[in-house]
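Structures incoming, each one as structure tokens.
Okay, so chain A shows up in both of these, paired with chain B first and chain C after.
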Partner chain A sequence: MVAGAWFCLLAPLAGSLAIALAGQRISGRQAGWISTLTTFAAFAGATVSFLDLWAAEPERREELSTAYTWLAAGDLRVGLEILVDPLSAAMMLIVSGVGGLIVWYSMGYMAGDDEERRYFAYMSLFVFAMLLLVEAGNVLLLLVGWGLVGLASYLLIGFWHHRPQAVAAAKKAFVMNAAGDATFALAVVLLVWETGALDYPSVFADVGGLSDTVVTLVALGLLGGALAKSAQVPLHTWLPDAMEGPTPVSALIHAATMVTAGVYLLVRAHPVYEAAADVQHLAAVLGAVTLLLAGLVALVQWDIKRVIAYSTMSQIGYMFLAAGIGAYGVAIFHLMTHAFFKALLFLAAGVVIHRLAGEQDIRRMGGLRAELPRTHLAFLVGTAALAGLPPLAGFWSKDAILASALELGGGLGAALLAAGLLGTLLTGAYAFRLYFAVFHGERRELAPEPHGPEAAHVPEHGEGPLSMLVPVGVLTVLAAVGGLLSVPGLWHPFTHWVGEVAEPLVEASARQEYGTSAAAVALALLGLALARAAFLRGRELVALPAAWTLLERKLYFDELYDALFYRPAAALSALLRREVEEPVIERSLDGIGSGTVQVGGEVARVQSGLVRSYALTIAAAVLVLVVVFVAVR
Partner chain B sequence: MSGPGVGWYLLVSAALFGTGALGVMLRRSPLIVLLSLEIMLNAANLALIAFARQLGDADGQVFALAVMAVAASEVAIGLGLIVAMARRDLPLDVDRASALRG
Partner chain C sequence: MLATTLIVLPLAGALLVALFPLPRLATAGLAFLVALLEVGVWIVAVTRFDFDEGTLQLGTTREWVESLGISYAVGFYGFSLWLAGAAVVVGAAAAGYALFVGRERPRAYHALLLFLTGAVVATFAAQDLILFYAAFEAMLIPLYVLVGVWGGPRRTAATLTFVVYTMAGSLLMLAAVVAFGVTQGTFSLLEAGTSGNAWIFLGFAVAFAVKAPLFPFHGWLPLAYREAPVEVAAVLSAVVSKAAVYGFLRIALPVFPEPVEDLTPLLLALAAAGLVYGSVLAFRAPDLRGIVAYSSMAQMGLITLGVFAFNDLGLDGAVLQSVAHALVSASMFLLVGMVERRCVTGELALLGGMARGRPALATLLLVAGMVALAVPGSATFAGEFLIMAGAYGEGWGYAALVALGIVLAAMYVLRLISAVLHESRGAAVREEALDLRPGELALLLPLVACLLGLSAWPALVSQSSFPGDEPARALEEGLR
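Right after this comes the complex of A and B.
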């Protein structure tokens, strides 16, 4: 089972290196094939690994494989080692499978771009980084994958580096993630310090013996990393800006890689969080806050990709909520169904953007149902799955999360459940607002000049090449039926599968699940009805101008961080420049220079060139020496 | 050993050295300055040889030979310079030849 996992890990890396090293010798299209095929090869490896695991005895479904030991100091051994267990196998399948479809789609989407080869090398690197993250067998390697994912996202968000906004967005994503990486790294250092081990089994076995403070600090540090990667409040502001990258990149970041890393970490490190229950609940609360906040902001966005981006934040909020109350299997289940329908939404949105020559503003869209019938169907399935309408994927997974919150009970459970239900209403509203705006109503005039980041695209006549349509089709099917992997009361293969690694703390009964489902579906339908009513009357859902502005400015988080971090830092720098750099450092250096020149000028006068005065000086000096020697004796 | 004591030799040597030094410091013609330098060197030679004789070893005499060789080279260069200066119609005055550029 480890052979498949190693193959899965190394195939995308090989693809990335092959494209990078081949350089100009291959065409962009060939690079696309290399990237696509290696990613699907990774999926094949993951499948083999999964099947091996499936066939194994339940208690033997965990294998640590070390390629080589990099560092051995006393009892501490760190090396290139991967852990294959049900959780990592599930993640491997999601990452490489959905990732492969997205890379394939890119071949049609990016065709003709000047730097296609660079694009595909980065895509493969991204998939590799994420696979490394989920397969890592020790905390250090996890950190390596964590950092590589950040790097790859930086490279891809800023892929169109001639656009200043794209570069700024990439920088923002990188800085935000660096903040998370820092707390994560500190937590790792603390873990090594306290437990003297880095591999998961020994670390988690030792967690019980640590003091409360240490466990809380470690949990908080890991949570910081998870919040940044998964774009949860308060480290969420990079995600909407990351829409500056090409659309398939957004799909990859949102569906297969990157943002799911935080959820994976919460589940992977569940022993730490269970020892620090407060921090775990904090994660749930932050998830609930994010899901509401992102749902609200999504209501007022005009950019088709930004609406979907906020929906991702909102859905990841649900996953954090689930992981935070200990419903690990359910969290990963929602992660998987979300990967299906979110990749589907982005890729379908990519078809729309292609068709409209780069237009992303939904005010200029409309009436595309007749023009793009297949895309319309795909988008509708994705939207309904996002809103959680039965029997699509999102329905089963989201409602399982809500039911888990109900099962948790108490004030916290009730609050989380209320937030989740309200989120369902919001989801229904913003998802269908987008759907109606894009596909219904009148066909609008396009802007006279193509604009926006993807303006280079020529309008397609059909719905795009096969390489774009097939992945969309596959994802449509997955988004439609993916949720059937877990039907309350009937079977729970997926959640049980993950539950082998992370024993759930709460398990909802079938009755609770169907109860919350009814409520959630009713709320989602209410949201749909609201969106439809508003659309038919040509109005917006958020009618109050003040509320609109507040939401459009994303609740002023950017401004807040500007005032809280950027401005003080800039002011401090300016102050140091004015008060320290210029008067102390620069002037002292100038003084050394000009002082030397001055002394030199004075001394130069002695060298008159008059030979006789030299002779006189020498004679006088000798005389003095003689006198001194004689006198001293 | 007969003849005057080492003191007399040193006296003559000192007188020669003083004459030379005064010549270097007071005269302005490069030719005379060179000549005075030779006198100073020979004053030193005289002292060296006087001491060598007093101590009865050859070191001082060998050293005096070396000084003569150096003095000869120095005169060769010095006279060459003076000839060059005369050829370019430069004033033969050490005080006026105070810069390295012509």
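Right after this comes the complex of A and C.
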């Protein structure tokens, strides 16, 4: 089973290297094929690995495979090793499968861009990094994958690097993730000292023996990394800006895969979090806060991609909520269905943006239902799946999360359930606001000069080439039926599969599931009705100007962080330069020799002679010394 | 014997280059060939070195001035062999760059560069304090001249500060060497015992602190790195600074155990201060060289932190990071030089947009930059992680400062990359400015390949640097 997993890991790396090394010897289209085929090859490898696992005895579904010792120091040995178990196999399938579809879609979407080759090299690099993240067999290698997906994300957000906004967004994402990486690394350092080994089995076996303080700190450090990568409050502000990247990038990295890595981490490191229950609950609470805040902000955004980006944050909030209360299988289940329907929404949005020559403002869209019938259907399926309407994918997974909160009970469970239910109302409202604004109403004239980041695209006629339509079609089907892998009261193959790795702390009964489902669907439909009513009257969902401004400015998080971190750092740097470096350090020698504070040009000239003679003197002195020593001998 | 060969070869090459009146190109070419040959000899040395043993090897010991207890004793430990490797590789890259650029008065220039390489290797090989001192000083002479004659417009001021700082350090070290030799009756590190004299230790420590440099002994750094010819700046930051690391590892820790223990808090504090101070200044430096210079200072603070954490993780990390930083810093300085050649300036405000149409420059700057900011998976990441883990042994605060350094490094390196490559074309960037030429690629690609190779297998260096792969114990036992 490890052979398939190694193949799965290395195929995209080989693709990326091949494209990079071939350079201009291949065309952009060929690069696209290399990238697409290697990603699907990775999917094939993942499938082989999965089938091997499936055939194996349940207790033997875990295999660690080490290629060589990557880092060694003192007693520490860290191998380049992968772990194949039900959780990593599921993630491999999701990443390479959805990844393959999106890379394929990119071939149509990016056709004609001057730097297609660079794009596909980066995409393959990302797929490799993400697979490394989910396959890594020890915590340090997990951190390596963690950092490399951040790198790929930086490269792809800033892909159109002539745009200042794209560059700024890329830097912001990288720095914020570097902060998360730093806390993650501190947690790993603690593990090195406390457990002496970093591979999952040893670390998790030793967790019980650690003091509460240590476990809490480790859990907090890992949580910092998870919050940054998954764009959860308070480290969430980079994700909306990341929409400066090409739309398929948003679909793959900033919706379907990378941003859900935090959820994977919470599930993978569940023994740590179970030993530090407070931190685990903190993750759930932060998830609930994020799902509400992002849902609210999504109500007032104008940019089609930003609405979907906020909805991504909100949906990952649900996953954090689930992982934070110990409903691991359910969290990963929602991760998977979300990957389907969110990738679908982004790719469908990409078709719309293509059709409108790069226009992204929903105020200048409308009435596209007739023009883009297939895209309309796909988008509608995606929207309904996002809103959690039966029988689409999001319905099954989101309601399982709500039911788990109900099962948890107590004050925390009640609060989380309330937040989750309120979230479904918000989701229904913002999702259908977007849908109506884009596909219903009057068709607007194109702005004379579209100015979005993707304005370079010429308006397409029809709905794009096959390479775009087929992935959208496949994802539409997956978003429609993907949720059937777990039907309350009937069967739960997916959650049980993941449960082999991370046994859930809460398991809702079928009655609880149907109860919460009824409430959630009612609320989502209420949201839909509100959105429709507002749309028909030509009004917005948030009517209060003050609230509107507050939400439109994203609750002023950017301004807050600017004032809290960037400005103080810049000010400190300027202060040190002005007060220490220039007066004290750089002028430290001004007084020497001349006895004055200023070194004038005249003095400098005198000294210039001095320098050479000085050097000569030293050279001569050394020579003399050598001669003397030799002679004395 | 190979240690002596490694020292003598570049010195002989220097003499050859200086004496034979060959045409310009032939002079530079000959010097470059000697530098490459030196790399070849070093590779042979690595294949002959028994890393499992890890004790002093490839050495020569001869009486020199018997009455004074001075000997010619050279040889390598694992860590010094790796440091010497970084030195010869960077030296060859520098010679190649000087050849490519075509420096004025090539005979003098190349002779000095080769002499510098020989002196650096001698420093890393020296097992006798007088020899160490001579080599340490001999590194400075070519640097004074290279900066003072071939430097930028403010070369005089740069040289003057550099001379005063380094000479002050050297004089203290000379006093310490003499005092140590007199009290011990020998200058040989192989024969001398340990010393508990804090003053003697301080003499060494200050000289190393100036060389690294550690905060606040870095007064020479901004000017020297700005004004030196770019390949000299590369050697200075990549290799010469590592003489301090070698001094700490070979002299300070094994010979002065008690003073080190007493003064560890101070040294750790200075190292941490240098890390944060350098990072913060790099973050707002107005030009390319400023960023690379202050980041180099931050890195030296980091490495020193690993050294004085004085545990296996920190020490292995410090050696790994020294090698990785040497390669990355040389790559960055050469790239800076290539940008400056095209734009005549390194002012960030005047640069930009160079990625468009220049894929080689963009790719290499990106790769070198990502390694410089220690992206997870890189050799520098491995080194920083080990140092962070080692520093944790001295207190969680140090580990947290290393973490802060990682975030700041991301900020200043991304700033540099974007300022050169991204957004619209800067005022100083001409439309027709070329992508990297084959000659430049031929220099950079091997450096970057070394970095990527080390990233794929950092254990190569980190587990083969100290006798018995037990750094702390080996040093406590005086590296015997």
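Some points to look at:
We adopt the following convention: the second predicted complex is superposed on the first by the 580 of 633 C-alpha atoms of A that agree within 3 Å, B and C clash if a C-alpha of one lies under 4 Å from a C-alpha of the other, contacts with A are read in each partner's own complex, and residues count from 1 in each chain.
Assume a residue touches a chain if its C-beta (ideal position, glycine included) is under 8 Å from a C-beta of that chain, and two chains touch if they have at least 3 such contacts.
As the structure is a computational prediction, the values presented were derived from the model and not from experiment.
By the touch criterion defined above, A:Leu190 lies against chain C but remains apart from chain B after alignment on the C-alpha atoms of chain A.
Residue contacts after overlaying the shared chain place A:Leu589 against chain C, while chain B stays out of touching range. Touch criterion met: A:Ala570 reaches chain C, while chain B stays clear of it.
Measured by the number of chain A residues touched, the leading partner among chain B and chain C is C. The intersection of chain A residues touching chain B with those touching chain C, taken from the two complexes, comprises 608, 610-612, 615, 619.
Against chain A, the residues of chain C that register as touching in their complex are 63-68, 70, 130, 134, 137-138, 140-141, 144-145, 148, 156-157, 159-161, 163-165, 216, 218-219, 222-223, 277, 280-281, 283-284, 311-313, 316-317, 320, 353, 355-356, 359, 363, 366, 370, 373, 375-377, 381-382, 385-386, 388-389, 392-393, 399-400, 403-404, 406-408, 410-411, 414-415, 418, 421-424, 457-459, 462-463, 469-472.
Chain contact summary for the complex, chain A toward chain C: residues 20, 23, 68-76, 118, 140, 143-148, 150-151, 154-155, 158, 161-164, 167, 171, 174-175, 178-179, 181-183, 185-186, 188-190, 192-193, 569-570, 572-574, 576-577, 580-581, 584-586, 588-589, 592, 599, 604, 607-608, 610-612, 614-615, 618-619, 622, 625-626, 629, 632-633. Only residues 608-612, 615-616, 619 of chain A touch chain B when the two sit together in their complex.
Taken in their complex, chain B has these residues touching chain A: 21, 24-26, 28, 33, 94-95, 97-100.
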